[in-house]
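Two complexes come next, and they have one chain in common, chain A, joined by chain B in the first and chain C in the second.
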Partner chain A sequence: MDRLLEVENLHVSFHSYAGEVKAVRGISFGVDKGETLALVGESGCGKSVTAKALMRIFDRTSGEIMPGSSIRFDGTDVMALDKKALHAFRGSQIGMIFQDPMTSLDPTMTIGKQVGEALVIHKGLSMREAEKQVVELLRMVEIPNPEERVKAYPHQLSGGMRQRVVIATALACNPKLLIADEPTTALDVTIQAQVLDLLRDLKVRFGTAIILVTHDLGIVADFSDRIQVMYAGQIVEEGTKRDIFKRCRHPYTWALLRSIPQEHTTGTTLYSLKGTPPDLLMDIQGCPFASRCEYCMPICRQKMPERKALTDTHALSCWLTHPQAPKVECPIPREGDEEDG
Partner chain B sequence: MAETLLQVENLKQYFPVSHGNLLKAVDGVSFSIQRGETFGLVGESGCGKSTTGRAVLGIYKPTEGRVLYDGKDISTYTKQERLQFKKNAQMIFQDPYACLDPRMTISSIIKEGMEVHFRYTRQEADIKVKELLAAVGLTEDYASRFPHELSGGQRQRIGIARALAVKPEFIVCDEPIAALDVSIQAQVVNLLMRVQQERGHAYLFISHDLMMVRHISNHVGVMYLGSLVETAPAEEIYKHPCHPYTKALFSAIPKPDPDADWANTRMKLEGEVPSPINTPPGCKFCARCPYATQRCREEAPQLRDLGNQHKVACFLD
Partner chain C sequence: MVKYILKRVFYMFLVLFIVTTITFFLMHMIPGDPLTALVQKLPEQTKINYYAKYGLDKPVYEQYFVFLKGIFTEGTLGESIRFPGRQVLDTIQKYAGYSSEIGLVAVLIGFIIGIVLGTVSAIKQNKLPDKLISIIAILGISLPVFLLASLFQYLFTVKWPLFPTLGWGTPAHKILPILCMSFSPLATYTRYMRSSVLDVINQDYITMAEAKGMSFAQVVRRHVLRNSILPSLTILGPNIADVFTGSFVIESIFAIPGLGSYYITAVNDRDFPMIIGCAMFYTGIYILSLLVVDILYVIIDPRIRLTGSNSK
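Right, the complex of A and B next:
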């Protein structure tokens, strides 16, 4: 498949009074056309910052993409774009959906104006032409009565409907990539299911690639093709959905999977990770997960493990993959798992 | 064991809103909680689960219906009894950032309730604080810190320690894990279950996280738009949900299994929760229910017993 996005050695830092917060620490990954990639991890692991960095939505005072980072999107070097080119690039090439639909919509603008804005700016349509297309867009995201709703303000819509409006805005200019940052976290489960169905349907219809940022492993298992597990600004394990859920090898991925309650865990003590993630103000020596890892060895605290590819799709950074490391069995019970890798 | 601690009878909690309309947040809910057990209350936002949680603690004066604690109606309490009830029934809140006073040290936060209800000397109180911190898995040097120095999970532990400080029999947990990360959620739920085993209090566990509710609860009640639509022992309701809404709600949980084919196998629900203002007569769920009949639109179904303590408010068999 064709590569759409290629990120190499991405570093993002925030400058605070206490010093430089290194939120993303040298990650490299790619997204193919039409593919869904999920970034998972706990809060503060850098997944949202990574997603935002792809569109360079940081001003100098907040975050900075450090020199040496490379982002290539469909032949364009995103890091080299000037202000004007960047403006044209955002919205037309990449669309973005945020977690909270109320804060990402302007409360003083009607839905029609808001969704149409992108069409006026990027496609050069007149406001009247744009309004017509907006009705079509709202119909596409299954909002009932689109002719009426273009005149409504965000506060007149429910949370699920607002998120549909945000999706319509993101898709207005047929972007090749859609970044969805926790798109359903603020929604109820039955509404979440509806929004995920809609996204799945749109993905198939338009062949849009999606980067899904989430902490919900249930959504990931259902929705994504490939998964990257992030911890303290680094990718610790990546692979296809089956690689991660059935054959994962990194102790942090194990910990994430073990801490979700399931049918067979009822009434028992849930697995829980000890400690807290490392302070991102500090330089981390060795593996970032070492201090919380059950299988930590002396080398883990001294040297960062290299990324090791197990198969074409499955790779991880962990010293346990080293030939001299002790053999550790995956602690997750795996019923009915056929080893076809 | 099977001694009823809390009984809610036909609880109604209406709030007046503009234009003389009534918002029926809780509309005729009945359930009971046994001593030492956990009752999980689930539902989507706006279904009245938090209002129910507050009403059973006497924070609101119910529009109709009664809350019996240990067999006595809490609205008829004398001043003395009311104080005793406030000691016995505690609450743990959703937002660990908002529920702790930022200007108080952890030690004074935990002591505040003890000072009202017990006559401890200063030394005794300090010892109690240390014990409580140890019970929730924190070291004693946290006592002199302030809430802003703590992470979300640690603050939630302080919230739990504060509730435990007055030796309650009953704790309402209103979305105690909603603001926490997955691995921290597991820590807090483990802690809640452990202290329950040690101290034997009952929980009303309010959450929209259906898998966590299944994990922690003995009994589960499902609410929709102010009504309790189904209640049963936890395993029973998850294995054999009877109400169409319960079925749809449970099947809407994404499963952490790449082979589940969740998108095609689940029961889909059209539309959204209607407004709780001036709800029409009949079953609250009938506008979204795929099996709704004329009778559902005219008559509100009452909870009926299916045996095995399984009750459902639906005309369907």
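Right, the complex of A and C next:
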């Protein structure tokens, strides 16, 4: 497959009064054309920051992509773009869907104009021409009565409808990559399913690659091709859906999977991971997960484990993969291991 | 919308009526009346004649009805007692005009520059422009207007004689007072605008607008300004009303024949018709500017629906 996005050694820091918060610490990954990649991890692990960094969207705030980071998108060196080129890049090459549809639309502007803005900027249409296309876009994201809804203001739409508007905006200029930053977190469950169905549908229709940022492994399971598990600004384990759900080896991934409510856990107390993630203001010595890990060994606190590829698709950073490490089995009972072979 | 405005106008007259009534009785409770000084040395009968002429010999409630009758039947606010022959309405019309030539222009200039400075300040938060603007804003709020006026007079009429020191007549006469008067509103709007832009700029829809590929200047023009102007608009109404009474200090320093000084003189003289006229005028302007601001609200922020208008 063709590589669409190639990220290497991405470092993102926020400058605060307390010091430099190193939110993303040297991650490398890629996305193929038409592929769906999920970034999974708990709050503050750097997954949203990673997603935003791909469009260099925090130029104005205290966030900074550190020198040495490389982002290449479809032949373009994103880090080298000047302001003007960057504006032309955003929205046309990469579209973004935000977490909370209640706050991601401008309350004082009709949705027709808001969706149309992207077309006006990138395709040089007049607002009037753009609004005609917006009707089609709204129809595409299955908003009923699109002809009337273009004149509606965000507060006149429900949460699910607003998220459809946000999706329409992100897709307005046929971007090659869609970044969905927790697209369903703020929606209730039935609407979540509808929005995910819509995204899946659009992905197939337009062949758009998607980076899905989420902490909900349930969504990941039926939505994405590949999964990257992030912890404290680093990718701790990555692999195909099957690698992660069936063959995962990292204790943090185990912990994430164990904390999903399942049939056999009904009536029992749900597993929860003790402790808190490390302070991102500090330098981390050793494995960032060491302090919370059930299998922590002395080496884990001293040295960061190297990334180790188990197969072409499956890789992780954990000392347990070392030949001299004790053999530890995944603590999760796994149904359907056999059919896996 | 129309229904709402009609309703508001009706309430406006109601408030106007209540304020007028209260003012009328309050001013009659102040010791002294407009004729005391005037008739001191006159014979007893002349005194009585004088009082009878202006109806001041009648009980207060009766005077009140005479006053109301004057408004509703003749549409007049009466004649000044202190300066016989001057119609209150004409006086207000004439001198309020002078006040507004200075005051309205000053408030408007302050509003526009304040909006711009506040926005710049917020965008360049904690950088040099923000710090400079903050100094201007703090000066504008803490410097008393009479100090500023004297300073300007010294600098621009004595040290560098660019403008006339005081008086009225040519456009050059207006520049210094306008500058002085716009300083405080400018500072206020800058501060209001700065804090609301800071708030808006961190909203998700701003990030989303940037993700669409808009340049930051476009984002500010299309999304930031409109969303952050409401707080400043809220204080614009009262500020406009203040032009006609609060400019008293400036008007006396620069010898401008504005309404402010007439209002104060009227109160000191117990010139009843003049006092009530000014009070009514001020109330009316105040309510009217609030109404205008409320209507602007609806135009700017579609989430605000006026009660009584059912348009959806």
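Assume the second predicted complex is superposed on the first by the 336 of 341 C-alpha atoms of A that agree within 3 Å, B and C clash if a C-alpha of one lies under 4 Å from a C-alpha of the other, contacts with A are read in each partner's own complex, and residues count from 1 in each chain.
By our rule, contacts are C-beta pairs under 8 Å (C-beta built on N, C-alpha and C of every residue); 3 or more make two chains touch, one makes a residue touch a chain.
Because the structure is a prediction, the values reported are computed rather than measured.
**Q** In the superposed model built on chain A, check whether chain B and chain C fit or clash.
**A** fit
**Q** So, does A:Met55 touch the first partner chain B, the second partner chain C, both, or neither?
**A** second
**Q** Taking the superposition as given, does A:Thr266 touch the first partner, chain B, the second, chain C, both, or neither?
**A** First partner only.
**Q** Regarding the shared-chain residue A:Arg307, is it in contact with chain B (first), chain C (second), both, or neither?
**A** After superposing on A, A:Arg307 lies clear of both chain B and chain C.
**Q** Does the superposition put A:Ala88 against chain B (first), chain C (second), both, or neither?
**A** It touches chain C, and chain B stays clear.
**Q** Once chain A of both complexes is superposed, is A:Arg3 in touch with chain B (first), chain C (second), both, or neither?
**A** neither
**Q** Could you tell me if A:Phe98 is touching chain B, chain C, both of them or neither one (first, second, both, neither)?
**A** second
**Q** Residues of chain A touched: more by chain B or chain C?
**A** Tallying touched residues of chain A, the top partner is B.
**Q** Could you give the angle made at the Cα centre of chain A by the lines to the Cα centres of chain B and chain C, to the nearest 10°?
**A** Between chain B and chain C, as viewed from chain A: 70 degrees.
**Q** Once the two complexes are aligned on their shared chain, state how close chain B comes to chain C by Cα atoms, in whole Å.
**A** 9
**Q** Which of the residues in chain A end up touching chain C in this complex?
**A** On the chain A side, the touching residues are 52, 55, 57, 60, 83-84, 87-92, 95-96, 98-100, 103-109, 117-118, 121-122, 153, 155-156, 166, 169-170, 172.
**Q** Which residues of chain C touch chain A in the complex?
**A** 203-205, 207-216, 218, 222-223, 226-227, 300-303, 312
**Q** Which of the residues in chain A end up touching chain B in this complex?
**A** 42-43, 158, 160-161, 188-194, 196-197, 200, 215-223, 241-242, 245-246, 255-257, 259-263, 265-267, 269-273, 276
**Q** Provide the residue numbers of chain B that touch chain A in the complex, in ascending order.
**A** 44-45, 151, 181-187, 189-190, 193-194, 208, 210-212, 214-215, 234-235, 238, 248-249, 252-258, 260, 262-263, 266, 268-269, 272-273
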